[in-house]
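Quick one: the structure is below, questions incoming.
Order of writing sets the labels: A, B and C. Residues in every chain begin at 1.
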Amino acid sequence: MKLPSPYKLKDIASLINCEFEGGNDHVITGMNEIHMVEAGDIVFVDHPKYYDKALQSKATTILINKKVECPAGKALIVSDDPFRDYNKLVRHFQPVNYSLKQISETAKVGKTSIIMPGVYLGNNVTIGENCVIHPNVVIYDNCHLGNNVIIHSNCVIGADAFYYKKRADYFDKMISCGRVIIEDDVEIGAMCTIDKGVSGDTKIGAGTKIDNHVQIGHDTQVGKMCLMASQVGVAGVVVIEDGVALWGQAGIRSDVRIGKGAVLLAQAGLGEDIPAGKTYFGSPAGEARAKMKEVAALKMLPDLIRKLNEK
Amino acid sequence: MKLPSPYKLKDIASLINCEFEGGNDHVITGMNEIHMVEAGDIVFVDHPKYYDKALQSKATTILINKKVECPAGKALIVSDDPFRDYNKLVRHFQPVNYSLKQISETAKVGKTSIIMPGVYLGNNVTIGENCVIHPNVVIYDNCHLGNNVIIHSNCVIGADAFYYKKRADYFDKMISCGRVIIEDDVEIGAMCTIDKGVSGDTKIGAGTKIDNHVQIGHDTQVGKMCLMASQVGVAGVVVIEDGVALWGQAGIRSDVRIGKGAVLLAQAGLGEDIPAGKTYFGSPAGEARAKMKEVAALKMLPDLIRKLNEK
Amino acid sequence: MKLPSPYKLKDIASLINCEFEGGNDHVITGMNEIHMVEAGDIVFVDHPKYYDKALQSKATTILINKKVECPAGKALIVSDDPFRDYNKLVRHFQPVNYSLKQISETAKVGKTSIIMPGVYLGNNVTIGENCVIHPNVVIYDNCHLGNNVIIHSNCVIGADAFYYKKRADYFDKMISCGRVIIEDDVEIGAMCTIDKGVSGDTKIGAGTKIDNHVQIGHDTQVGKMCLMASQVGVAGVVVIEDGVALWGQAGIRSDVRIGKGAVLLAQAGLGEDIPAGKTYFGSPAGEARAKMKEVAALKMLPDLIRKLNEK
């Protein structure tokens, strides 16, 4: 999330009543998750295991629950509960505001685009030219669609990330303030969900085509000209490079990367990166030829065991 | 289903033109499926294989297709077709009544709750305080939501159970007359379905968080503070105890129980109970460490077979 | 797709500015995909690998990208881009026409049927008697429902086929002009998608019952009295004969056939035909007893490898 304008460190810290360490001129321009941060951003960290990662990330302000040594050119904001205070900042800059009109007054739709009956467009949604949004699609606040985008019926674009911190006796929700960006020439089948980014953007690259019932998690980046068959599930913070094909019911764990032109076969369950151009298969997924050898060998196993027992 | 008031045995029997056996004072207060019955309930049974289970259940009235010995303190109603007559009783006490208003006149919504555009609330739906029901959610008749519940767009709460009896040349539908009960602080992602109970309630325990595209079958009981990732499928009559985590695309057969704090990993297919605290994996699912050993062993199998053949 | 009336070969060819070969009296009555063609139809083919199949199919007019020998009694239309020109013909006979009314003026609904709030019915949709269409269901243009059909909330019937031709730098969409035909006594759970045929019909046979979140691809033929559990995914151009049962989360590749009364167990991934009456299991799926032996053998494999290593 970009802030509406650059803020000074001390002003941000005072919004959440925290001490801070850093120069008077230290400027904050946005806030984001550790996976997505850039210079100017606040990142939060509340576990020593991840301190180094946060301190050495591109973020220039670290909201942290311990006074540690501050890296040169960066700033710290010290909070007893960085998760809570990060959420407070998000809510400050993006106050609760549910549009109760079916098409929000701040939604902008290209003149040549067709919005069919029952469609809901939230605050600040923008839709380019020559799009077709089929009946009963829901697009949450702040999502952006390019030109020539087709969204089939009952899709939900921009629902909240599935992201909670476990407290002693409840799950504390990370407030999602990111967006979904859908580039030109994308077609999305009926009944798909594409969650908004937690603080960044979930993106679907130009020319990508998605079949029905597909789930794309928060902050996931899908490249250009990818294909996803029906019922594929992609968790959050996944990177899918250009020209990737995911076949039916394949599932992808969070925080993996699929290289350019790679293929994930039907029902595969991916928990690791795929290099460019490779085909993976199985659950857990591995390189397809090796997996197919396993399938063939497994067919021979009952007989093999019987023979070994007869010896 | 509770009857609107206590009924006498002979009055219920006369509604379906059946003979009965039992005391003049025998009282019926509800009707339910064998998995969910309590004292006062009617249960139905039409196969000798299940006679004993029905007769010895907590149900105090048995709608049965044979005159058998009646257990002490219980009653029998003898029908040539208990399934048909059970349905007749359901329809008598819950006549067909589709509300054609978008928000039924008998729906009750807490003052601090937000009902967004396109939401449908059926007859007798109740929604507590501080809830957000996102656009185009559908809540069928008689469902109850607690406080602080968030339902994301296009969810369907309370559709009919997938429950049919095979007749000679058609499937005979069990009429669903149960409800869905969603306790406080539950959040449900976009595009989820939670079916109503057949005659009892499907329940989602307080604080549970559910991701997109999840299916929960009829009469399933989900405990408190569970997590379910996207595209999980839970069949009917499943019991999920508190603090359970189900990861993406996992599937659960009907009538199993998952113990407190257990974990079912992504894409697992569960056909048996999981004890408390255990982690399961695979399809069919088993204890995760054993299954991971199988995965590792399978990787070695093609080479093993090659070597054995070379001997 | 049937043409509105029979056309002469030369008139069709002139619509797309192509040369043709065939008799003056050669008549064209429809157009369809290679899997579904009948006498009178145009079929298109643009790869030498499939020339013979197209030329020998039941289609009597072949839209092809090379002048080949024309089979007796048939006709050729020669195009530099048959895919593009097939789409042109589709668009000519079925011009873009999105109905922006919630219930199209050309939709026909039986008097005893109930259409609940938020339902969208496209152009030329027909719904028989005694149907219930639950809230927020979307039915695209030209779909037909028989009598006693129940469609639960948020289903999408008749969205476009997931069918693209890969061009150098984009995916070229095959325009879907087919329909969905749902026969009598079918019940479809919440959140299902049934895609229209590309040029033919997707069909759900009488008495079939489908649970929530099921995907049925374009041109698939489902027989009578089938059962499909939740989250099943069926690709396009699949043939499912009568009385088949597909259990939860099973997936089926395009262009396979499942014989009468066959069963596909939960989470199975089917890539080949199943003969009538057989039960299949696993991913990739095979005959269930053989697969269960593999599962049992795999459980013994880690110990077997350990013992062999100890020798």
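Keep this in mind: a contact is a pair of C-beta atoms (placed from the backbone, for glycine too) under 8 Å apart; a residue touches a chain by one contact, two chains touch by 3 or more.
As the structure is a computational prediction, the values presented were derived from the model and not from experiment.
Although subunit A and subunit C share one sequence, what matters here is the overlap of their interface residues, and that overlap falls short of half of the numbers used. With rounding to the nearest 5, the Cα superposition of subunit A on subunit B corresponds to a rotation angle of 120 degrees. Centre-to-centre separation of subunit A and subunit C, using mean CA positions: 32 Å. Residue positions of subunit B with contacts to 2 or more other chains are 118, 136, 154, 191, 213, 231, 249, 267, 283, 298, 301, 304. Those residues of subunit A lying in contact with subunit C across their complex are 114, 116-118, 132, 134-136, 152-154, 185, 187, 189-191, 207, 209, 211-213, 225, 227, 229-231, 248-249, 266-267, 283, 295, 298-299, 301-302, 304-305, 308. Residues 98, 100-102, 118, 120, 136, 138, 140, 154, 156, 159-160, 162, 164, 169-171, 173, 191, 193, 195, 213, 215, 217, 231, 233, 235, 249, 251, 253, 267, 269, 271, 283-284, 286, 290, 293-294, 296-298, 300-301, 304 of subunit A are the ones that touch subunit B when the two sit in their complex.
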